[in-house]
Amino acid sequence: MQRHLISAADLTRDDAVLILDTAEEMARVADRPIKKLPTLRGRTVVNLFFEDSTRTRISFEAAEKRLSADVINFTAKGSSVSKGESLKDTAQTLEAMGVDAVVIRHGASGAPYRLANSGWIDAAVINAGDGTHQHPTQALLDAFTMRRRLIGRDAGIGQDLDGKRITLVGDILHSRVARSNVDLLHTLGAEVTLVAPPTLVPVGVESWPCEVSYDLDSTLSKSDAVMLLRVQRERMNAAFFPTEREYSRRYGLDGDRMAKMPEHAIVMHPGPMVRGMEITAEVADSERCTAIEQVANGVSIRMAVLYLLLGGNEPAVSHARTNEEK
Amino acid sequence: MSKILIRGAKVLGGEAQDVLIDGSVIEAVGPGLSDEGAEVVDAEGKVLLPGLVDLHTHLREPGREDSETVLTGTRAAASGGYTAVFAMANTFPVADTAGVVEQVYRLGQEHGYCDVQPIGAVTVGLEGRKLAELGAMYESAAGVTVFSDDGKCVDDAVIMRRALEYVKAFGGVVAQHAQEPRLTEGAEMNEGVVSAELGLGGWPAVAEESIIARDVLLAEHVGSRVHICHLSTAGSVEIVRWAKSRGIDVTAEVTPHHLLLTDELVRTYNPVYKVNPPLRTERDVLALREALADGTIDIVATDHAPHPHEDKDCEWAAAAMGMVGLETALSVVQETMVDTGLLTWAGVAERMSVKPAEIGRAKGHGRPVSAGEPANLTLVDTAYRGSVDPAGFASRSRNTPYEGRELPGRVTHTWLRGKATLVDGKLT
Amino acid sequence: MDKQDKHDTHTSDARPVLEGPDIARVLTRIAHEIVERAKGADDVVLLGIPTRGVFLAQRLGVKLEEITDRKIPVGSLDITMYRDDLRMHPPRALARTEIPGDGIDGRLVVLVDDVLFSGRTIRAALDALNDIGRPRAVQLAVLVDRGHRELPIRADYVGKNLPTSLRETVKVLLAEEDGRDTVLLGAKPAAPGASQ
């Protein structure tokens, strides 16, 4: 039985709904005077970050501590000469110290998969973002945010996102958030549309369970949620788009565009936001923008994942796809 | 000199015959030869081929002796049925001078497992800027006629044109590693459905095809011959087919792994499948097999690329590109070409011995199995089936993509100029 | 075989020890006892332990309101993440913890559960309460006490004391969850089931 969370594509609909429902209960702990549960007492979790990501690390760390796990933070900047050796050696060193789970962030796509499947270690592996591959807890917290806003906190329990129309805008090509969201949202029954300049859509996207559009304006009125992905300014230099100004004009979300969205529709952003590029300050600071909520929800989702993977004698999440391969 | 009688072998897969070796040459071929004074090798049911010739091997010496040496590499070659290998120039130092190529050539001669024909670099240090002393390497004891910057593409059109023109003076050939560098920056695997899902940098087919198209046109323009290394896409096949139909002097090779494996395997993120050019799609694999069968692709070359364990026991991005191939090549060709009915054993001999020897001007190799020819021979037990166990490899490296896979065929004997280098599957 | 079939098979050879009217009567009695012991139940908060303890707490709340003519705060307390046997099973789905508006600080919390057995659930409930606030006092009301305590815990209000052997199961069915009210005493099933 799989004990890892590597890809959002590994989750079945029931797994995903269980995680969202569990997170809803975890969220209530945040409202209590003592924001702590004894559930993972005596379990050790290491946050193994080969890439700087203070936001994600702090979110995991908060989740781990609220569940009373012992937390080790390991920020390793991969050496250019032998990154491979250092991943394997570092993981084995940590395991020798008695680690029950490894939360890993790595710049190389597939590094968490390798860690979980190469026989290097026995600990459970949770992917906190790998290269341009996957970031499954981000997709889960996004889905959680959508369910709360579009269905309701209590009304959402046990529900998926059947029929919800979600639009992802921005650098799809380099985005692990996009990949994870397409997989998970599809599993949860949502209809996903990707919007980007053609240069930032991967060759091979035709096999993804979603629509692709190059025109933002035509999708806005048909969206229950619009998620903006960060666009790095450096992409200009590699000719992915001509200028920041042209990108903003064609794909940035401003007040006028937001007004074209249905009244109930929300604006999402995984952060950190590049204001003035993909989103204007007006939109970012509006009631409809869930960026701050997403951060709070991230802790609840990560608590749920940690509890469901480590809280018992075996994980409660089935990982249908991986099991089929075995 | 002793005599060896190979009894009852199916020569090139045909009728069973006896082959008598006397010293370094084949003395006679025919039914019912006398075994008087000869050591007899029972070859009943086995197929006898001319010794295989690999136009594309990385022996790593000098410089990376931790992954392979001329000795271990030629032992691996003998194990796989090869009697001659062409050693690529990307060593440390680069084989871009007469001194380095002579060193490699002599090491091959000393060890005696397999002839080693060094390939010279096209440009100094494989840097693509300045032509290496191609003439000096040709005139050296190594007699280099094949030049390649393999591992890197000669991407500058002017340098490529000059190289193609220059080697005409001594009948040389430039073997191009076709990879447009700008289109493959950050490339990690074939660009397509799988790379989109895995988030690995895409390596578009067009990066190979555009260089091949350019180079066949250059070869036509300057009236030279060009050889295309490890062709890997269906589009490349179409371009080479078109060039040949136009009369352009182009030859092309395909590796065994591109005849069998696809990019679906990369889903495991296991770097044993990381290779340059990358594994492509099922459609490409089928096009390559067809092209090898109809002669559009002339030869099979291994691109044997040994790497130490630690360079593969890591995450995909950090891993080295390449696979070992000398010891599994014939089995993979049997699996993909012979057992599928696409090629006869005579066709295999043509593509793995005769043609590569011809392209590389390897004297005494790729000759007919007939009286008076040098006794460079390979005996294959084609009925054998077994799973690949890298622990048994003669190569110093184990980076095979076939570990545990069942493949047909096993080379039991190899003779280099009458001297057995492999007997009953064991190196001498 | 679906869940419902399994449930029926399991309960078919069990015999009822409390029927619907008995349960209603017993709850009325407990409500009166609470009012009596809490001297009017001014500061009582009822917290049911999911799943069936919550329904019992809600029923008790209604009865207390009838008696005292005052609104009685009723909530739920999920103890899953405080269990001492977490490592012995796959993780369980969490249930709702709902603390009534004014909280529990300085109040009399009455925990409500369906069956009191080993006492470990109540131990976990006391730990959970500890993280939520500081009640003036904590009491325990259960529908059935079947004995076999493994911890020094006792109930303040008991619907029915039911001597059992460890080979028996006690199953409380309530209309809100199960469609009918009854308490069944049966033999332990061969496979580990949902018995208390």
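Labels A, B and C are assigned to the chains in the order they are written; within every chain, residues are numbered from 1.
As a working rule, a contact is a pair of C-beta atoms (placed from the backbone, for glycine too) under 8 Å apart; a residue touches a chain by one contact, two chains touch by 3 or more.
Since this is a predicted model, take the numbers as computed values, not measurements.
Innermost chain of the displayed assembly, by C-alpha centre distance to the whole-protein C-alpha centre, is A. When you average the Cα atoms of each chain and compare centres, the chain farthest from chain A turns out to be B. Inter-chain spacing, taken between the CA centroids of chain A and chain B, is 45 Å.
Chain B and chain C have centres, each the mean of its CA atoms, that are 76 Å apart. The geometric centre of chain A is 39 Å away from that of chain C, both derived from CA atoms. In chain B, no position touches at least two other chains. Chain contact summary for the complex, chain A toward chain B: residues 82-85, 87-88, 106-111, 113-114, 117-118, 130-134, 176, 179, 202-208. The part of chain B that touches chain A in the complex is made up of residues 188, 191-200, 202, 204, 268-270, 310-311, 313-319. On chain C, the positions that touch chain A within their shared complex are 78, 81-82, 86-97, 127, 131-133. Chain A makes touch with chain C in their complex at residues 18, 21-22, 25-26, 28, 32-34, 36-39, 67, 307-308, 311-316.
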